[in-house]
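Letters are used for the chains, namely A, B, C, D and E, taken in the order the chains are written, and counting of residues starts over at 1 for each.
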Amino acid sequence: MDLDSIVKHPLSLDLYCFGEGHFEKHHITSISQIAPFLNQENKFWLNITDLENMDLLEEIKNLFDIHSMTIEDILNNQERPKVEIFDHFILIVVKMLYTRNGIEDLETEQVSFVFGKNYILTFQEHSFDIFDSIRARLENPTSKIRKHGTDYFVYALLDAIVSEYYTLLEKVTDKIEMLEEVIVSEEKRVKLSEIYNQRKSIQQLKKVIWPTRELLSIIKKSDSFLIKRRTLPFINDIYEQTVEIIENLEMQRESITTLVEIYMTNISLKQNEVMKTLTIIATIFIPLTFLAGVYGMNFHFMPELKWKFGYYLVWGIFIATAVIMAFYFKRRKWF
Amino acid sequence: MDLDSIVKHPLSLDLYCFGEGHFEKHHITSISQIAPFLNQENKFWLNITDLENMDLLEEIKNLFDIHSMTIEDILNNQERPKVEIFDHFILIVVKMLYTRNGIEDLETEQVSFVFGKNYILTFQEHSFDIFDSIRARLENPTSKIRKHGTDYFVYALLDAIVSEYYTLLEKVTDKIEMLEEVIVSEEKRVKLSEIYNQRKSIQQLKKVIWPTRELLSIIKKSDSFLIKRRTLPFINDIYEQTVEIIENLEMQRESITTLVEIYMTNISLKQNEVMKTLTIIATIFIPLTFLAGVYGMNFHFMPELKWKFGYYLVWGIFIATAVIMAFYFKRRKWF
Amino acid sequence: MDLDSIVKHPLSLDLYCFGEGHFEKHHITSISQIAPFLNQENKFWLNITDLENMDLLEEIKNLFDIHSMTIEDILNNQERPKVEIFDHFILIVVKMLYTRNGIEDLETEQVSFVFGKNYILTFQEHSFDIFDSIRARLENPTSKIRKHGTDYFVYALLDAIVSEYYTLLEKVTDKIEMLEEVIVSEEKRVKLSEIYNQRKSIQQLKKVIWPTRELLSIIKKSDSFLIKRRTLPFINDIYEQTVEIIENLEMQRESITTLVEIYMTNISLKQNEVMKTLTIIATIFIPLTFLAGVYGMNFHFMPELKWKFGYYLVWGIFIATAVIMAFYFKRRKWF
Amino acid sequence: MDLDSIVKHPLSLDLYCFGEGHFEKHHITSISQIAPFLNQENKFWLNITDLENMDLLEEIKNLFDIHSMTIEDILNNQERPKVEIFDHFILIVVKMLYTRNGIEDLETEQVSFVFGKNYILTFQEHSFDIFDSIRARLENPTSKIRKHGTDYFVYALLDAIVSEYYTLLEKVTDKIEMLEEVIVSEEKRVKLSEIYNQRKSIQQLKKVIWPTRELLSIIKKSDSFLIKRRTLPFINDIYEQTVEIIENLEMQRESITTLVEIYMTNISLKQNEVMKTLTIIATIFIPLTFLAGVYGMNFHFMPELKWKFGYYLVWGIFIATAVIMAFYFKRRKWF
Amino acid sequence: MDLDSIVKHPLSLDLYCFGEGHFEKHHITSISQIAPFLNQENKFWLNITDLENMDLLEEIKNLFDIHSMTIEDILNNQERPKVEIFDHFILIVVKMLYTRNGIEDLETEQVSFVFGKNYILTFQEHSFDIFDSIRARLENPTSKIRKHGTDYFVYALLDAIVSEYYTLLEKVTDKIEMLEEVIVSEEKRVKLSEIYNQRKSIQQLKKVIWPTRELLSIIKKSDSFLIKRRTLPFINDIYEQTVEIIENLEMQRESITTLVEIYMTNISLKQNEVMKTLTIIATIFIPLTFLAGVYGMNFHFMPELKWKFGYYLVWGIFIATAVIMAFYFKRRKWF
């Protein structure tokens, strides 16, 4: 989800009451208006985005009998993804991940769910359109979300969030494959920090998905009456998706280690080539220059200088030396 | 299995009904034709390859009472190998691996089995000849596959798939041993990416075999009435094969790490040799060239130039210096 | 907490007796004065800072029936953080961490708690102001600390200590991010030892927080009558904080590994650049110098020297060689 | 055990029947001859080396009621060491290790045991003299092997095999210590592949000993009536030996990692020394050569050339420059 | 404990019989003399140092009903530290560590304890003065060792041994900190092998302390009647010491890894500096030397040579080139 595509909803406490063959939408302005819905057979959903309205939260805390520490978890946006199973409700804290300027710049948004037998409370700091698809499905009389309980509702939300993780995994994978291609082909220069940025993205993804996998595992094994047996295959499905994502992240992390090694080796190989060039040129010409220097000396008595073919002889020595050296380097496979 | 050797079967719903002393083959055109076989004592097998025919799958789902999430697992070709034990049937999802252009280019093909007391449904995207050997054994009246239950049938299929993994392991091992020989002997050049391609193959194999080992372990320990006690030694045998393969993959992975290290050291050693050559030549000739330069100066008053044996004296200095330097390098074991 | 901001309290045995709607402060001068408070319904708190007064500790040991090994644990300031659950009291040993001259210079201070049904004994070597906030809350008649039991009192203390760990984590994180920025931008020089100092800080933090997490986990699962069910959400909250801190420390440790790798690569890349400069200059000028040397030789018979345009021709060769070489290096992407 | 010292026994089915105060040796030519011994109180031992005689194996399979998969395990010489505890017998598969041409060239030989209440069947591909010591002990009327049950017999065999592992560990350790000495003293050249060969030997040893330790652990904890309580201290003894060997192999593996690091550092240090030599010589003489070149120029107007002491002055500059440079390098601790 | 400070006791079988308010010392010359003490209420202690006297050990084996494998464990000085809990006695095997020539040269000495309800047998190869402090405490009528049971006696011995480990840990830590200081300050040269020697010491310490921690953990959890509840806090205390030592060893091992990395980087940085020096000098003077060579050529027609200020012009070019190059290197931050 790119941040630019996020549509901000106006702050509002819309209460959606729904059930098989039933759907109402109420605009409430005070928590006390919820009371009549509490003991109905139909379920209702309330999305709270105004996490700074402490009075509102205090009323909710009292109405639904939520521990103050739970409210603190909902408010603290540094909370690690987790599930807490209470007698009469379940708290789930998860993270939405979205990119701001490409995959290197991930941001997290905390979303918390509190759900009981017939109510779902959702808490989020900003009102993203993640809940829009849910609203659409609620209005559809034949959708599963109407028939099933609050646990299926929560499944639908978690499914949407984990799908986003998949999209991010794919972006990271694409970027790493692109880097791999560039590095292996040695076409363009890559900065090492570009590779490490992907490592950071993987780390951030893992930091969010690991505890999400854990909380799904706890829900699967919980014996709370709020998680019905027929919802388990759905929970298991997203659980398996998180396992899959983690496995792929691990493989991508290994790919990065490999890329760094190839990158380093290429530097070494190039330096080797540079050194060889220098050595070949210097080793051939330095002795020749010495010899030219010898016959540039001004000693009064230097018999070779008077020889008729001295100059041609010296050129012969020059060429012979160069050729022999070149053969020597060739045989040692230096070029 | 090389892709080129794959024979495509025409799409058909052949129903094989079999039992001890019994074998029938029916060509069915609609799922409703299965009904009469459902409560028989004989077993039947149906192989479905047309995974895009949603109507067909819907009919199967209803006839065999399969959860929609299970159908989704069968359709999603990204599914991780797994077993799911239901009350009346067992779902197994595995991966066939085959090479397209050598071991560096592995492709995976998902195969799913759903089997109950007297039926086996197999699902595959393409109709490879993996089931041909099974068909041959079915037609043989004395084969074990006729006598034993559906669990033995599934064992036979898994055994064929795991055997393929062994073949791939051997190909990877051969390639790595070949690379090892080349690198240690330093005969030919090897590209680092060639080594890493093997690492990727190992990673892909492990990604498929790890969960396969896990699912076999779960089947071994399951107390489902569908897994009979006398089939357990067979299941255990392929389980132990996966353990063996994983152990060998782990060893090959270590071999690769070692190969990379030897490769890197060879680069270092060669660079060292290049540097020494340069240093020896330069260190010997640079001072000599200086001296030749000195007697090439044009000062009016340079007494040595007039000495009768000046020139020979200088040659003496040249040779003495070179010899001393050579001894020095020899003593320091530079060559 | 910076050491400079620590206010030293005068040594005193102030006994705070408190309960719902009750608060007394007594200045006691002998342990025998505690006796009347022992069987009251109200709770009392005694902070002991004089850990060298062995008589005092002997009296406490006898009055509260503490094992001599437990007293040794309290006295030994090298003790690893731990909890020990006895029949009639619980011992908790934790570490306060504070910086002396920046985050590289962490010091630890051991604090031990012994608490029973209605008493809390705290032991510390120096009297830091960590307990000041507790004193303030005790004097407030509506504070939770008055209403709840001794377990909540201990929670309040542990919470204060773990909050300090968060502050230190943030300091380490800031320092590492600063180093990262400098290293990636290559603006200033960083000494490798500066990076490793952060690694040491992380190690010291981990050494303290790991066992703290463990002891909180043990308290959570304990079934001692001293830990009341309604205190568990509070304990769980600080437990989750330690998990969070450890996870972040682990990520920072990985960041450091990455930083060292980037640092090393930058050194390699710079050396490569230096080598290239040398090679380009040397490879271009060494052959030219040779040629100049050739025409500086004093052979009597050197026909080229008499050519009218010999000198210009040689300059032509000089320039052509240099240009060709420059093109060659350009094509090989050396600059 | 060196392969050269292996004495090949002629193929024969010698049946050893033994018990307290009892010893018979029968040469049997058909499996049916075993029948009378089956329900005796005395134990008997049969060693089968002809693993290609499928009829023989079929008869044994039927007589002792062995699963076909167990026979396959015995025949497959790629089997991982393991124990399988059946109702009426126990299967143990282990590996003998022997060297062919030194420790770098390990070969494995699979040995399988099937033992019940009063019989031991041993299966091996080649007939090594490992069983000779057992035969000698059987013929000794006072030996423990006569008194104890079939489990002690198996212990004696396993003990002989694990002792061989110790010998191999010592050979590897000696070789590594020798390499360490050579590398640290820098006396001789060592090829990196020599070091890695030891790594491979360790890997092969570990591959065999790890599952052996595991199988011994399973036997220790088994509650099969075939493992008597008084044999457990013996089993435990070889179990502890495998733990000890694994621990030492792990330490040797770390030693190798260390050796490789020292080896690499020595290469770096030598290259550094080479570079310094080059730099010192070049840095001193290149500027001097330049100066000599200057006074070798043929300008008509060069006043210094006519100075009386110009030549000596230049020599002064040469010597002064060289001395200053030498001091500079000395101060920077380059030599 | 330095080996030089070890006082050798003359071989003797002193039997110490003790209890609350009771202390006798008997010099026995045969094992049969122990019999009268066996069923007393008082405890007795026998220290055996003559592990080659097989008759003595055979008598002890029979008198105390010890398994032959246990005697073998006591005799085999390669035994891994362990505890074995039998019905009527407990065997503990531990290692004393002492330095011969500094911390790099650790030697181990095996000490075994066998203790039952009222006897302690200790076995050691050499008679070190480790037991002297125990003897002194036995003679003191008010010491705990007299009052408590045999388990406290064993605690006292183990405590003495583990204290020695602490001393060694401190020596290793001091040596590593010293190396760290030298390496970071770059004052003196350090050989890489000096660093690795510390790694070996840590490895040896860990090899001894790991299983010691394990055996203490087993004793803590054992339900043998020989370990009394009131001794547990003492056992726990030394257990926690081993945990602490292991944690510190782990940290020291990481410090060594870091030191090696800093060491390697320093080599790289120095090589870089050497390369830069060479490159700067060569890059400045090689082109100048070329130019000097050009005007040293002997072409008959070289107009510049006749220019009045040709020589000064060339000097101008020399100086300008050098200055420009110096600026270029300065801007690139090469010096």
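By our rule, a contact is a pair of C-beta atoms (placed from the backbone, for glycine too) under 8 Å apart; a residue touches a chain by one contact, two chains touch by 3 or more.
Please read these numbers as outputs of a predicted model, since none were measured by experiment.
In whole angstrom, the spacing between the mean C-alpha positions of subunit A and subunit B is 26. Measuring from the averaged C-alpha position of subunit C to that of subunit D gives a distance of 43 Å. Contact with two or more other chains is made by residues 268, 271, 275, 278, 282, 286, 289, 293, 296-298, 302 of subunit A. Because contacts link each chain to exactly two others and close back on themselves, their graph is best described as a ring. Read around the assembly ring beginning with subunit D and moving next to subunit E, the chains appear as D, E, C, A, B.
The residues of subunit C lying in touch with subunit E in their complex are 67, 69-70, 72-73, 78-80, 82, 192-193, 196, 199, 203, 207, 260, 263-264, 267-268, 270-271, 274-275, 277-278, 281-282, 285-286, 288-289, 292-293, 295-298, 302, 304-311, 314, 318. Those residues of subunit D whose C-beta lies close enough to touch subunit E in the complex are 184, 233-234, 236-237, 240, 243-244, 247, 251, 254, 258, 261-262, 265, 268-269, 271-272, 275-276, 278-279, 282-283, 286-287, 289-290, 293-294, 296-302, 334.
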